[in-house]
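The chains carry the letters A, B and C, assigned in the order they are written, with residues numbered from 1 in each.
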Amino acid sequence: MTKRMVLPGLSAIAIVTALYLALGSSPDVFQGDFVRIMYVHVPSSWLAFLAFGVTALGSALWLWRKTIVWDRIAEASAEIGVVFTALAILTGAIWGEPVWGTYWDWGDARMASTALMLFVYLGYLALRSATPDPIARARRSSILGLIAVVQVPLVYFSVTLWRTLHQGQTIRPDGIQMDGSMVAALLGGLAAFTLLYFSLMVERVRLARLEDENTISDSVAAGAAVTSPNLDGIS
Amino acid sequence: MNSALVSLRGVGVRFGPTPVLADIDLDLAPGEALGITGPNGAGKSTLLAVISTLLRPAAGTVSVFGSPVLRRDLPGVRRRIGMSGHEPGLYPELTLLENLALVENLVGDVRMSAMQVLEVVGLAGAAQRRASTASNGMQRRTDLARLIMTRPDLILLDEAHASLDSAARDIIDRLIHRTCEAGGGAVVVSHDRGVLGRSVDRVVEVAAGRLT
Amino acid sequence: MTRATASGFWKQALSIARRDLMIESRGGEVFGVVLPFAAVAVFVVPLATDALATRLDQLAYPVFWLVGLLFGMQVALRQTGTENLTQRRTLALMGIDPAARFAGRSLAAAILTTGVMLVIAPLVVLFYDPDSIPDIWPSLAAIIGFALGLSMLSTLAGDVTVGLRTRSSLAPLIVAPISVPLLIGASQTLEALIRDRSTMAPALLLTVTVLSLAVTGVLTAPALEEATT
């Protein structure tokens, strides 16, 4: 096994193990087998927060050090974060329907703020794709990355406040009664997803570097793009 | 510290993957007017942007007014630099006078009032005209008036002669002359050597991102 | 970076704000274009409902804040309030503190947005006939706080996207989700006034959000200037 395969290999083993733990754990008293969705949902949410935290860190370090790798890390992490945020929302909805009786519950502050966070980082990625020049892209998106990290906690608090001001009916059952096998399944999921995050990050950052190397050519300098006109061609 | 007004050493600039300038060494002495020429897309304007401190190069060092440009000194250094180009950058909704009055308000310490300087450039009669209805030549004169008003120590002109009548070109030449006389300097970019000939002391050529 | 002295900072900021307001007084983009458009929006919402059966009075405040949000963004991102590259470079070379520029542009946009919302408010009352109307002065404070925050946020988003071809849709995409604390802070303050509850929590949220945007804007201004000149 080459060195590059170590992290993906470990992630694969961890995911298989987590899957085994999740399917083998005992069902919940109230939720029955639906609780198993939580073993995907909770790790996805955790990854989303981890990923966006890393994006903010990468943005700050890029602004400070101006080393391009920090920008690549910020970008890679935002992309992974968006995917896992979407997964968290989706699994939450799939779980919510049988357990809460609804796909979407405005009474739950986390759902609304997670969805808003998804939009914030979709905007971040849209800004990146709209800026062709890598340096300009790094500069602008690092600033947005910082604005976002200051504002996202406020979004979370504001939605929580909004919910408490409108105390609706609570349709959810009491907290999950966790036995040992369920704790193991949850921890297994968290560990597997975290490993998956790092292996995706390594690959995505490597890909970004290859993209840049592919387009950078030292031989072409300015002016070479414009050559003498062929005056004979004008008849 | 060094005595040159502007000093570039080993400057390199790239726009994303494309290198635009490479290994530029350049000095501007006090009292000197330097011309930069070269074909379209050679990197002339980029070089001027580096000298103006607006563009930070990827490689090399830039010293302006005798010391390297540090982030914390930027406002002070920039206040002593004046740039004018082929695009005047006035606010089209405001009159020529209001455009200059804005400069007066923002800079505070100016040599002449907005109205006085409009007289100097021969636009007193057009003071109340909105920039959007003024001709390109009038807008360019107004922009030059800004430099006369703020009297920077370093004047940077990017194709500033293009499409100007000879009277307006005289304004430019006079501005360069007075600035250099006072120990300042000027860098004038033009693709036209003939234009540079009458305005500057020395001409360098940029070709394919390098000085030749 | 050497900041302009405190008086210099405000002098620069006010000059910039004055410039923007003068341009608006000539160009009329906000009061001649954005405001009528916002009024139309207020007017057409009932037409999209079964106005006779629906309790329009319940839509009054949501429509007011939604129109305020969407058109407040339009105000801050208006074409005549956007500096072109030459103008940005000229200001930078005059040694204008980028933070003062941010403050001045946000201030002008906030004044214009407040104006738009104050015209929209009576229209909403007229067309939707809400059950109760909150006290004027605290409501005005909430509207001004909302306009200030939204203007700063939109000015930041406008600067981050300046010069990009997709700016007109990209900047609102950036602003909308981040504006939620402002929206909740301001709308819940008004609702608390109507229901005679304590405005403490939402007003505090609004204040904290406005302050955090001001600090973020001032701190990122130099980097943003470097990215856009």
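We take it that contacts are C-beta pairs under 8 Å (C-beta built on N, C-alpha and C of every residue); 3 or more make two chains touch, one makes a residue touch a chain.
Computed from a prediction, not measured in an experiment: that's the story for all the values here.
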{"item": "By number of C-beta contact pairs, the top two chains", "value": "A-C"}
{"item": "Centroid-based (C-alpha) most distant chain relative to subunit C", "value": "B"}
{"item": "Interchain centroid distance [CA atoms averaged], subunit A/subunit C, Å", "value": "30"}
{"item": "Subunit A and subunit B, separation of their C-alpha mean positions in angstrom", "value": "46"}
{"item": "Subunit B and subunit C: spacing of chain centres that average the CA atoms, whole Å", "value": "36"}
{"item": "In subunit A, residues with contacts to at least two other chains", "value": "136"}
{"item": "Junction residues of subunit C, two or more chains touched", "value": "226"}
{"item": "Contact set on subunit B toward subunit C in their complex", "value": "52, 54, 56, 71-76, 78-79, 81-83, 85, 87-89, 91, 93-94, 98, 102-103, 105-108, 130, 146, 150"}
{"item": "In the complex, subunit C residues that touch subunit B", "value": "1-2, 4, 8, 11-12, 15-16, 18-19, 22-23, 26-27, 80, 84, 86-87, 89-97, 222, 226, 229"}
{"item": "Subunit C-facing residues of subunit A, complex", "value": "63, 116-117, 119-120, 122-124, 126-127, 130-131, 136, 139-140, 142-144, 146-148, 150-152, 154-155, 157-159, 161-162, 165"}
{"item": "Residues of subunit C that touch subunit A when the two form their complex", "value": "156-157, 160-161, 164-167, 170, 173-174, 176-178, 180-181, 184-185, 188, 191-192, 201-202, 205, 208-209, 212-213, 216, 220, 223-224, 226-228"}
